[in-house]
Amino acid sequence: MDITQQLINGLTQGSIYALIALGYTMVYGVLRLINFAHGDVYMLGAYGGFFAASALGVTSLIDKGGSAGILQVAAIFAIGMLACALIGIFIERFAYRPLRSSPRLTSLITAIGVSMLLEFGGQAVFTPEPRPFPALIDNRFLQVTIVGTALALMVGLQLIVTRTRVGRAMRAVSLDRAAASLMGINTDVIIAFTFALGSALAAAAGILNSIYTPTIDPLLGVMAGLKAFVAAVLGGIGNIPGAVLGGLLMGFAETAVVAAGYSSYRDAVAFGILILVLLLRPSGLLGRVAAEKV
Amino acid sequence: MRHEMLNTNGFRRGGALACVLLAALAGCKQPDGATSQNGGAAGGTAAGGGTSTGGAATADIGKAAPYKGDNILLGEYGALTGSTASFGNSTHNGIQMAIDEANKAGGVLGKQIALQSEDDAGKPEEAATAVKKLINSNNVLAILGEVASSRSLAAAPICQKAGVPMLTPSSTNPEVTKVGDYIFRTCFIDPFQGRVLAEFARNNLKAQTVAVLTDSKQDYSTALSKFFQKEYKNLGGKVVAEEFYVTDDKDFRAQLTNIKGKNPDVIFIPGYYTDAGNIAIQVRSLGMNQPLLGGDGWDSPALMQIGKKAVQGTYFSTHYSADSPDPKVVKFVTAYRKAFKATPDSNGAVAYDAARLMIDAIKRAGSTDRAKIRDALASTKNFAGVTGNITIGPDRNAVKPIVVLQVKGDKLAVAAAIKAG
Amino acid sequence: MNGARFADFAVHSRFLIVVSGIPSPVSLVMNSRSLPAKIALSAAVVALLLGVQAMLGRYFNEYVQQIVLYAGINIILAVSLNLINGITGQFSLGHAGFMAAGAYSAAAFTFYVGPQITARFQNEAAGSNVVFIVALLLSAAAAGIAGLLVGLPSLRLRGDYLAIVTLGFGQIIIVLITNIREVGGAAGMTGLPLMTNFVWVAALMVLCVLSVRNLAISHLGRSMKAVREDEVAAEAVGVDTTRAKVLAFVISSMWAGVAGALQAHYIQSAHPGSFTFIRSIEVVIMVVLGGLGSITGAVVTAVLLTGLTEVLRSITGAFAVGLSLVLFAAVLTLPRYRSAMRQSAMGWLLWLRWPLLSGVALVAGFVFGRDWLEARVAALRFVIYALILIVLMLLRPQGLLGRGELSWSSLRRSRSATTPEAEGASERSEPVDEGVRGTL
């Protein structure tokens, strides 16, 4: 019973990490940029869902003892994801695009700047008080729904990347931006699309996680973002199946450490595993080993 | 000129350093009678940090400038940003409200009171900066803060050395007031609260076994957890599980699944309300129905707003009940609701009391001499605060009652009231 | 790596050596081989520091003194991190972890062993200074060992993978510290003696800057720069890249450890909350903003950013900083519009549209939203800090000084020396990580 429950816990947590990790990995794939602000976009997604739920009257409905309809929940997700997709495009346009030809560390610092801006701006606008997130999904099938939704989103993403024209363009940009541009691909549009896609997934993860652990505050993206980033690196950054694998592994590893009775070492073990894996496979689990050309 | 330079503390310490570095080269000799302050404090306790001075001529070194403001300027430092900003903000609200009320009633010593507050972003080194700014740049009369003991402990030696009274509303670590005779507090300390909660769990709830879920990142939580477990074991109870989480964690199901396997009679969660409501929901969602128990960190209306059904029937110890019929409390809660559109949490209430106590002490001191204010604070007897009557004991801690409340509907019922211990 | 690029790199290294002269009188003496000259200089430096300390104590209050001290500690952190991130071209995000290792080992020593040693001395001050010297050495040793542990993976890992390992290592150190009761756990170590003062910080800062600068122009330093420019090529021409990378990590973390020890014995406590990865990020910001590889750049930004966070405490300070940022941005963007401005008046408008818009927005915000902002001044402080980061990086991607150094000669030549250097840095394309290519 305990072990089954812990496996389910790990799977749920892991699929949320995986959803966030996908955003890191996609942006890295096309831009070689660690988008430090991604965790905070995840936070904005949670707030987006929160405000959407109040605006649609779902929050007061649930407070009165009712439950939300499927359409309403879908609408909340859609609003949150759309808002974050726009925010992602906005961030890319103004903070990263002007620096595309600069050294990568430069855009990393702007990414950190954007991250701080969202965190402290969030504390100024939303106040640091935690807010209760409405229980959009009934507790009985909460974990199943989260894993199912996450899985559906991941499959959807894989389809977009492998089966559509825009997905092919994304892969081309990832392979060689200059060459892709010469082949007539509008790289700016493709990169913006990648940000939108990643941010929408982060928003979905933010809303799912807020239903699962029902409080939100402006700093909730810091640790989640960091761990998802670790998950992306673990799987091999820039690699979509790798991010999913890394996320799930991270979720299971953390749960396993707690189940074994070492909950106070949880964060250390997560990073310890990462270091070990990277020492054995320096490019992550599914990352291709770098062939050095001279 | 050379004599004056010798009088500055830094020069003497520097002289000692130069001696060590350049002993062979310059043949430097330590000036006679210059026992430097760092030497005095090397004993390991901060208590000696500022008070040991070499002689009469050096007695004023490091002291704050005498107070010269036209009004009464109080300083406050707290975490207004960062992961503990919720507590910093409600503390700030409580202090601001006490000062506004006092000003409406004519101020103190015939002067209006002003507040200078500084953010420490939840970091000890920033707390040190904030307090130095308050003392040296703003020349505040006295200082209020912090919530977290680690930050109070970073600031206390500075206040002690400068001779500026510091009153912490809610730092519960016993070490804080041991720093020196200028450091006071208006809350109870961890060992007392831990004992009360252990007795309540063992005697009132008749719990044979208990599981503890501690926030390993907050010293408040680890200390309360430690004292609770010690007392609980002394009373013959058994701690069957001790699990940890860290502030900013949102998912506690893995730890709770472990606890579920041990099936304890009571689950003790010595954390803050920002996590407690969330934990309670996850406890219930895993199908556990045990009573939950917490400390004064739980005391906030947000606990019930977040936890809703999940926190029904849970117990926590605190300073006072916001639902108390006591007219003092009713007046405070109404005024706070009106000013900030929220029900005060215990941080807000204790901070309100701390600010009022400080103003009262200034009034009793009858002057802006900081030493006299210190004496007035130390001689506080039965000060009527909303969080109970406060008497400052010989170790500068507040001696005050503690209540254990139970969440019933949208009200808090008193489950036990324990006199000051 | 082709021949042209190698020649470019060779010219580059020589160029750096010429440019990177810190105040020339100092380098004259430091570069001379004579021991008496070095001793005389050291004595003069200590005497000067004592004088400055006396001045500080007399004319400035403790708040200002503390800012000066923090600036000094930040300089040590930034300059030392520059050795890894700037000079060797590796990417470390774990500087705060090394700081913690140093701070806690020194704190444990002064707390548990210090009193016994002090008691053996007749002169208490001398005793405590001896304790502090040992504590500082210990902090350097502990952090150096930690640096070695992290430096070893750097042999196998590249770029962002190395960054995440250093970040993880920093996190692990914090978790371990939080779990050790002997060093206070979550409450941290409190009740440490006050030992750090201006002379200690300034002397160590000077030592740190000089040692990193001398290292940078030494044989080893050139190996490090070779690793930065092209690791494979460097190895091919016989540079011991392993030694260069590991030593960069060890030396850099030793200084971080010393900075941690200085901080702990100034605020008289060591707390896990002081060494989070946000602290590492702060130092990375200083290094990148100053110009990767520029020692003087790191010094300048460390001082500026330390002061900035204090200025931003008040709403008027925030307003002043915001306005100066707008002005600064206007000046920086001027060259781009120069030709347009020559052609027509519209050019002026083109140049000034963003500065004017944001200036008006700023003034309007502070006039009409003053109460709202005043209530949020604490969060506003970091919002503006973040905006400065973004704007500065957008307008000056190579950092304040690029790879150049601020020196007597460069000042005389009105910074013409740094410009080609800086442009070279931004034009060179990053080596593409073949491993991630096309894996999407």
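Letters A, B and C mark the chains as written, and numbering starts fresh at 1 in each.
One rule holds for everything that comes next: a contact is a pair of C-beta atoms (placed from the backbone, for glycine too) under 8 Å apart; a residue touches a chain by one contact, two chains touch by 3 or more.
Everything numeric here is computed off the predicted structure, so don't read it as measured data.
Shown here, the protein chains touch in all possible pairs.
Relative to chain A, the chain whose mean Cα position lies farthest away is B.
Between the CA-based centres of chain B and chain C the separation comes to 34 Å, rounded to the whole angstrom. Chain A and chain C have Cα centroids separated by 31 Å. Residue numbers of chain C whose C-beta contacts span two or more other chains: 178-179, 379, 381-382.
Residues of chain A in contact with two or more other chains: 120, 123, 264, 267. Each of residues 81, 216 in chain B touches at least two other chains. Only residues 26, 28-30, 32, 34, 95, 98-99, 101-110, 112-117, 119-121, 123-124, 161, 170-171, 174-176, 226, 229-230, 233, 236-240, 242, 264-265, 267-268, 271-272, 274-275, 278-279, 282-284, 287-294 of chain A touch chain C when the two sit together in their complex.
Interface residues of chain B, counted against chain A in their complex, comprise 81-83, 85-86, 89, 216, 243-246, 248-255, 257-258, 260-261, 274, 277-278, 281-282, 285-286, 302, 305-306, 308. Residue ranges on chain A touching chain B, taken from their complex, read 2, 5-6, 9-10, 12-13, 120, 123, 127-132, 139, 142, 209, 212-215, 217, 219-220, 222-224, 254-255, 258-259, 261, 263-264, 266-267. Listing the residues of chain C that touch chain A in their complex gives 1, 85, 91, 153, 156-158, 160-161, 163-165, 167-169, 171-172, 175-176, 178-179, 232-233, 236, 277, 281, 284-285, 288-289, 292, 376, 379-383, 385-390, 393-394, 397-398, 425-426, 430, 432-440. Chain C contributes residues 39, 42-43, 46-47, 49-50, 53-54, 56-58, 61-64, 66-67, 70, 110-111, 114-115, 118, 123-131, 133, 178-179, 185-188, 190-195, 197-200, 203, 263, 266-269, 271-274, 310, 313, 377-379, 381-382 to its touches with chain B in the complex.
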